[in-house]
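Note that chain A is present in both complexes that follow, paired respectively with chain B and with chain C.
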Partner chain A sequence: MSQVKSVMAETGQSPSRKNRGKLQISKSQIVFEKAGIYIIALALIIVGSLVSPQFLTIDNMLSVLRSISLLGMVVAGAAFVTYIGEYADLSIPAIIPLSGIVAVFALPLGVVPAVLLGMLAGMMIGVMNGLVIGYLRANPILWTLAVVFFMEGLMRFMMSNNQIYPDVSPGTSGADFIDLYRSEILGIPTIVVVMLVLLAISHWILRRTKFGQQAKLLGSAYEVAKTSGINVKRTVMIAFVLTALSSSVAGILITSFNKTGVYYLGQGYDFQAVTAIVLGGMTLSGGRGSIVGVLGGVLVIGLLSNLMTFMGVHPFQQKVVIGTIFILVVGLNQYQLRKMGKDHG
Partner chain B sequence: MNKNTSSPVLHMHQVSKRYPGMLAVDTVSVDFYAGEVHALLGENGAGKSTLMKMIAGSFDDYTGEIKVNSQLCQLHSPSVAKDNGIGMIYQELSLARPLSIAENILIGRLPTKFGFVVDTEKVIEETKICLQRVGLELDPFALVDTLSPHESQLVEIAKVLGNHPKIIVMDEPTSSLSRSEVVRLFDIIKLLKEQGLAIIYISHHLPEIFKIADKVTVMRDGKKISTKGIGEVTPKSLVQEMVGQSIEDFYQQRSHQIGETRIVVKNLSRFGFFDNINFSAARGEVVGIAGLAGAGRSELARALCGIDPFDQGSMTLDNNHYAPKSMANAIKSGVAYLSEDRKREGLFLRLDIKQNVLATLIDKHSKGLVYTPKEGRDVPGELIKTLEIMPADELIDVSNLSGGNQQKVLLAKWLAIKPKVLILDEPTRGVDVGAKNIIHETIMRLAKETGATILLISSDLPELVGLADRCIVLREGRMIGEMQKSELSEEAVLLRANGEAA
Partner chain C sequence: MGNFKLSRFVDSHRALLMLIVVFVGLSLTAPNFLNSYNLTTILKSASLYSVVMIGFALIFIIGELDLSVGAIVMLAGMLAIGLEPSLGWYGSFAAATLAGILVGLVNGLLVAKGKIHSFIVTLGMMSIVLGVMHIYSGGDSLSTEDYDLSDWLDEAKIELLPPIVIITLCLVLGANFFFNKTRLGRGFFVVGGNKETAWLAGLNKDRYIVLAFVISGMLSAVGGALFSMSLAAMPANVNLANNTLMAVLAATIIGGTLMSGGKGNILKCYFAVLLLSTIFNGISLFGYSYDIQIFVNGVILALVVLYESYAVYKQDALKGQNPKLLQSMLRSRER
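Let's turn to the complex of A and B:
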């Protein structure tokens, strides 16, 4: 009874007709889509503070933020690929080490040129993805998967299967380079600031730019966008370049953290990124969701891992939990869309 | 006719079906008898297709009662309808093209050995029996892709016959067939009739009905107007019942201001699609592009606006060279194309009216990289008003609108760019009479007031004849003639499109 009352209050109309019921569901779904992920985050924080008094401390929350910042940087760009309806960029695990390795090689030129060159190298993979997927219409999953395979081989071959270490003796650009990850800006870890800046830029791109609007239309219906005069090829290209750029930034910082450039540093970021993006309400069929939601998705993954560590869950088991969440979220997502009859993607 | 004394095989009593905002079928009662071809006539949007979908079990929320063989049944799902002996042959073929004939016909009931191995011999045998009933001798393993439209249509019928139906519904079965193919189809219908099947035949092609039907039911605006024996009606009386007013004032008469030449198309060819097309159109002129489905009309339109490429020829627009490489180019030049496929190429169904209407204006409403939709904030509201889109709420998702209103949004999207040339591909297919009138009025007003050139592709002959100032006729990708206003009549266009001299 109380349910019926609240429903009536929401719509201001009696729920007697069948259609009304449908509208209410979609309304509450919209509310959940927007705030749901943060409600989950809040719930995790509450559970965490019950599990351990050390959970809800500034130190621990900062460590959660630090732990998600690299993933947050990656999704700042990767979200666009999902948003335009191309599912996911699985070449992220190639972009991350490539940018790092190039940056380390370029360190004799100074830190700033090294970082820029590293980003340029990563971006080249984005350009290649954009050409092949946007212009030649290759399947994004298969193509980006192939890129990882190819790039891993190339990096190992070129470096004779060795790792590359920057010269970190004090006063060298190498020392500055490994400081990138460890430094702080006004007491906040630089990586957290970088993540927030990248996400803010992404939010602005998605909401306020011509590309953002075109991406939304493209994600909603590719053919319709094409016949509405949107340069769909270029839009796909931009999305993959943005992914590559943000992943390169993450890649350089991961390399800075590891003090090593090596081909495997990006492993797992592809899958975690997709989980965070979909968890954050950006549907795999494209055109829906927001960067704020995606940040929520990243936050939930970070909080969950942290909480499980507090509870003494083994890292392998943590992987099983995160994987299970991914399966559930993607499954639910598809089911909902099909039920709403709106999945024309 | 001889079985009229017995009870009807399908009895519908006061059935209604409501779509959001529209009563598509309004308390209709009609009986269908075995061994009879019963034609169902009506304009687009009269409710024929909805009534047929009801019989096919597409709705679980119709009201009224339906009896099959005097048994009351709830046709709430397609499988229930199938179990009650109802077979549907749709206008758009439902065959899986990359599969073989046998796989299509025996879909869902492939004979097997030991429960899992496909029994090839039996497959061949059963497929051949099915094909024989429609007079086809084809290799059961030939792919549907390799068949002609006519053969595919017959395979479709064979597929439905495979379920041993007692009632067969045919929705515009001749729309993609040539004349000789139609004759063969009619022979098969007569054969089925002799076998004691009840056939419900939907068409708006009058001559066909006089050839094949025993009874005619006319629908208009969701209501049944009459059911009569074929001997009691004339083409004129039927048209009057369908239209509800005399045909002359159905399309407003207008004197048209035709201005300077706007678009000139010279020797335009796209190999395999259309060949050596030449025509020009003036400001304020409505030029019809007539032809059967597959004559290359849509392909020509898509090349005119850069969606598809062309191989040879040239175009000018307002005396400037015009060679669009993409729809974006075309929009910049002021050329709009309203696609015939609203769902696939027309609307963003998941987005609201506002975003759909503004989709073609993103370039215009951007300063550098930044999108500034505020400039266009009044555009959707104005177009909603002009086109009387219901509900008049720009934030409602397009998927929640009725077909007619969706079509209006699609038109609004192209009106928003203030086109110089507006190419309309089946602008009123499947919309109700009210929406159709508004769309027609809007198009004519656009031509008159802004001097836009309209290129109109339509299979709806009254529409084509009523709106166009002149018509070019395509057949098999070639332009086979041009007809001036004075020569335009439905019969003449149809004859020309079929490749026969008027």
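Let's turn to the complex of A and C:
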């Protein structure tokens, strides 16, 4: 492990000091690289408070947090897949409804077993992805897309295109289940707390555990990680299982919010997650970025759509704006990294 | 050794062989499968996917990814219908194609000159193009009263072959000739196989990448415009974009195109499109609905991905066991 750590120290933690003489990296560039997404978030808040006095209120900020919390949960796990250089897990739209449907089916057993079974069902997809992508080295984009298709087909067929409703009469476990999304802890919505806890755990895993260190090396250079004795297959597998776990937590809460379990609940979360992760500074080539940055990416998406709603921008136009900003920010970020000699792409 | 060659033959012609097996199987079992009306239906339903597939496969061959094809199909379809009253069919078709070319040009420039990953560029572009499409149509489906063209496109002049199928076949065969026989076409394979080698061979890789995205955008637009012209209407449901992307992606992979670039054959991919269309047709003939279609599509795609990665896995496992290689390594160490 000491070898790994010394490699890490050279490649990851402080390359700027080493290269400073040659490449003349200014301080502002480093600040932009480390905190760029939060600067954008701050700019959005300033613009928002100029647009409307109602923007910078506790109520509105809380509603922004609530609107991003589900996406935040998803990216807490999904970020690992990008971090280890496997692009993205596009099977999230299958994991989310599956865990919700299984949880609703298991509700007669009680809320806690239902939630656990739902997470287990979602995790099975993660294990399958991990086996195929980690051990057989299948292309992650193609494989996870295939999983989405056949899981959606399977769920629709099994339930003959219908939804499943939990029994929500008071006093039953169904009532407790739909309260999951709506409850509050000390005045803060539970979902926001869950998101923050999941992100904190992810941050800890990424920065403080052996798996996190191995993931960084794996994302930076697959062959190097392999030859330095890291069990690369297992590491890839763990990343996909973590994605599935966090997505199934989100899936159960989405189902609790909608009061129904149905195959289309996860639609759009795959691309939103990629957008947030990459906006947050994780590059598709892997091994770069942090969970704090990814949280910034999620925040920017939430603030942006909230701000545009305040300004009366139509949802169709919002799509155009978000797509443009996505390409621009990622392009700028990569340009900066190239200029600093940190990216070969 | 003979065994090895057979498996290789089966692998390289898998799309055609699977198509034959499925076709024979359905002819024997499915009701109303083997008649000219149904066969024309299959060919017609394959036409949108086939035209889009040509560009999509080209992007694969050059080693990139284009997720925006489905969105371009929808934008071009909307433009072709929406502009018809003011510009006429020729004008609206040209405008739709031009829009596709423009989107492709922006994609290509951002990938080649902006050096942004094509996954990112086309993902963002998909959102932008779908947004523009919805703004243009106001979120509604568009239709036209002028059915002459759609009747002409759909009515078989020669047995089995209505004009829309003939146009598709011409495009597929033309693209096949272009990519296999011309210098410019072969260049895409060189660039996709190894960008460094292409550069050393004097090919301008940036120009090839931009050209590939332009062709992909143009063909997606042509496919979308033809689709809406033959319907005389264009639905606004985004599912059309997703389904197109899904089917085209599956067909391109089944057709043996490598995602890492440098390998692919348009004709084989066309057989894969026909395979999927035939399977979808058979499923609906048996009275099953859309859920079974996407399930089967997903399973086929998953099996092909699994099969290919297993082949690579086996190759990798044998990598270190080459006795000649081991000997030469030992010799070099002694030296």
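Simple rule for what comes next: the second predicted complex is superposed on the first by the 300 of 345 C-alpha atoms of A that agree within 3 Å, B and C clash if a C-alpha of one lies under 4 Å from a C-alpha of the other, contacts with A are read in each partner's own complex, and residues count from 1 in each chain.
Criterion: contacts are C-beta pairs under 8 Å (C-beta built on N, C-alpha and C of every residue); 3 or more make two chains touch, one makes a residue touch a chain.
Treat the numbers as computed from the prediction; the structure is a model and nothing was measured.
With the two structures aligned on chain A, chain B clashes with chain C.
Of the two partner chains, neither chain B nor chain C is touched by A:Tyr181.
Judged by the touch definition given at the top, the superposed model places A:Val320 against chain C, while chain B stays out of reach. By the touch criterion defined above, A:Phe240 lies against neither chain B nor chain C after alignment on the C-alpha atoms of chain A. In the superposition on chain A, contact is made by A:Thr209 with chain B only, not with chain C. By the touch criterion stated above, A:Tyr83 is placed in contact with neither chain B nor chain C. Contacts of A:Leu154 after superposition: chain C is touched, whereas chain B is not reached. One of chain B and chain C touches more residues of chain A, and that partner is C.
In the superposition on chain A, contact is made by A:Leu217 with chain B only, not with chain C. Against chain B, in their complex, chain A makes its touches with residues 18-19, 208-214, 216-217, 220-221, 223-231, 287-288, 341-342, 344. Chain contact summary for the complex, chain C toward chain A: residues 65, 110, 114-117, 119-121, 123-128, 130-132, 134-135, 139, 246, 249-250, 253, 259, 289-299, 301-302, 305-306, 308-310, 312-313, 316. Per the touch definition, chain A reaches chain C in the complex via residues 87-88, 132, 135-139, 141-143, 145-154, 156-157, 161, 271, 274-275, 278, 284-285, 314, 316-320, 322-324, 326-327, 330-331, 334-335, 338, 345.
Per the touch definition, chain B reaches chain A in the complex via residues 20, 61, 307, 326-328, 330-331, 337, 339, 343-351, 355, 359-360, 362-363, 366, 369-371, 373, 397, 399, 413.
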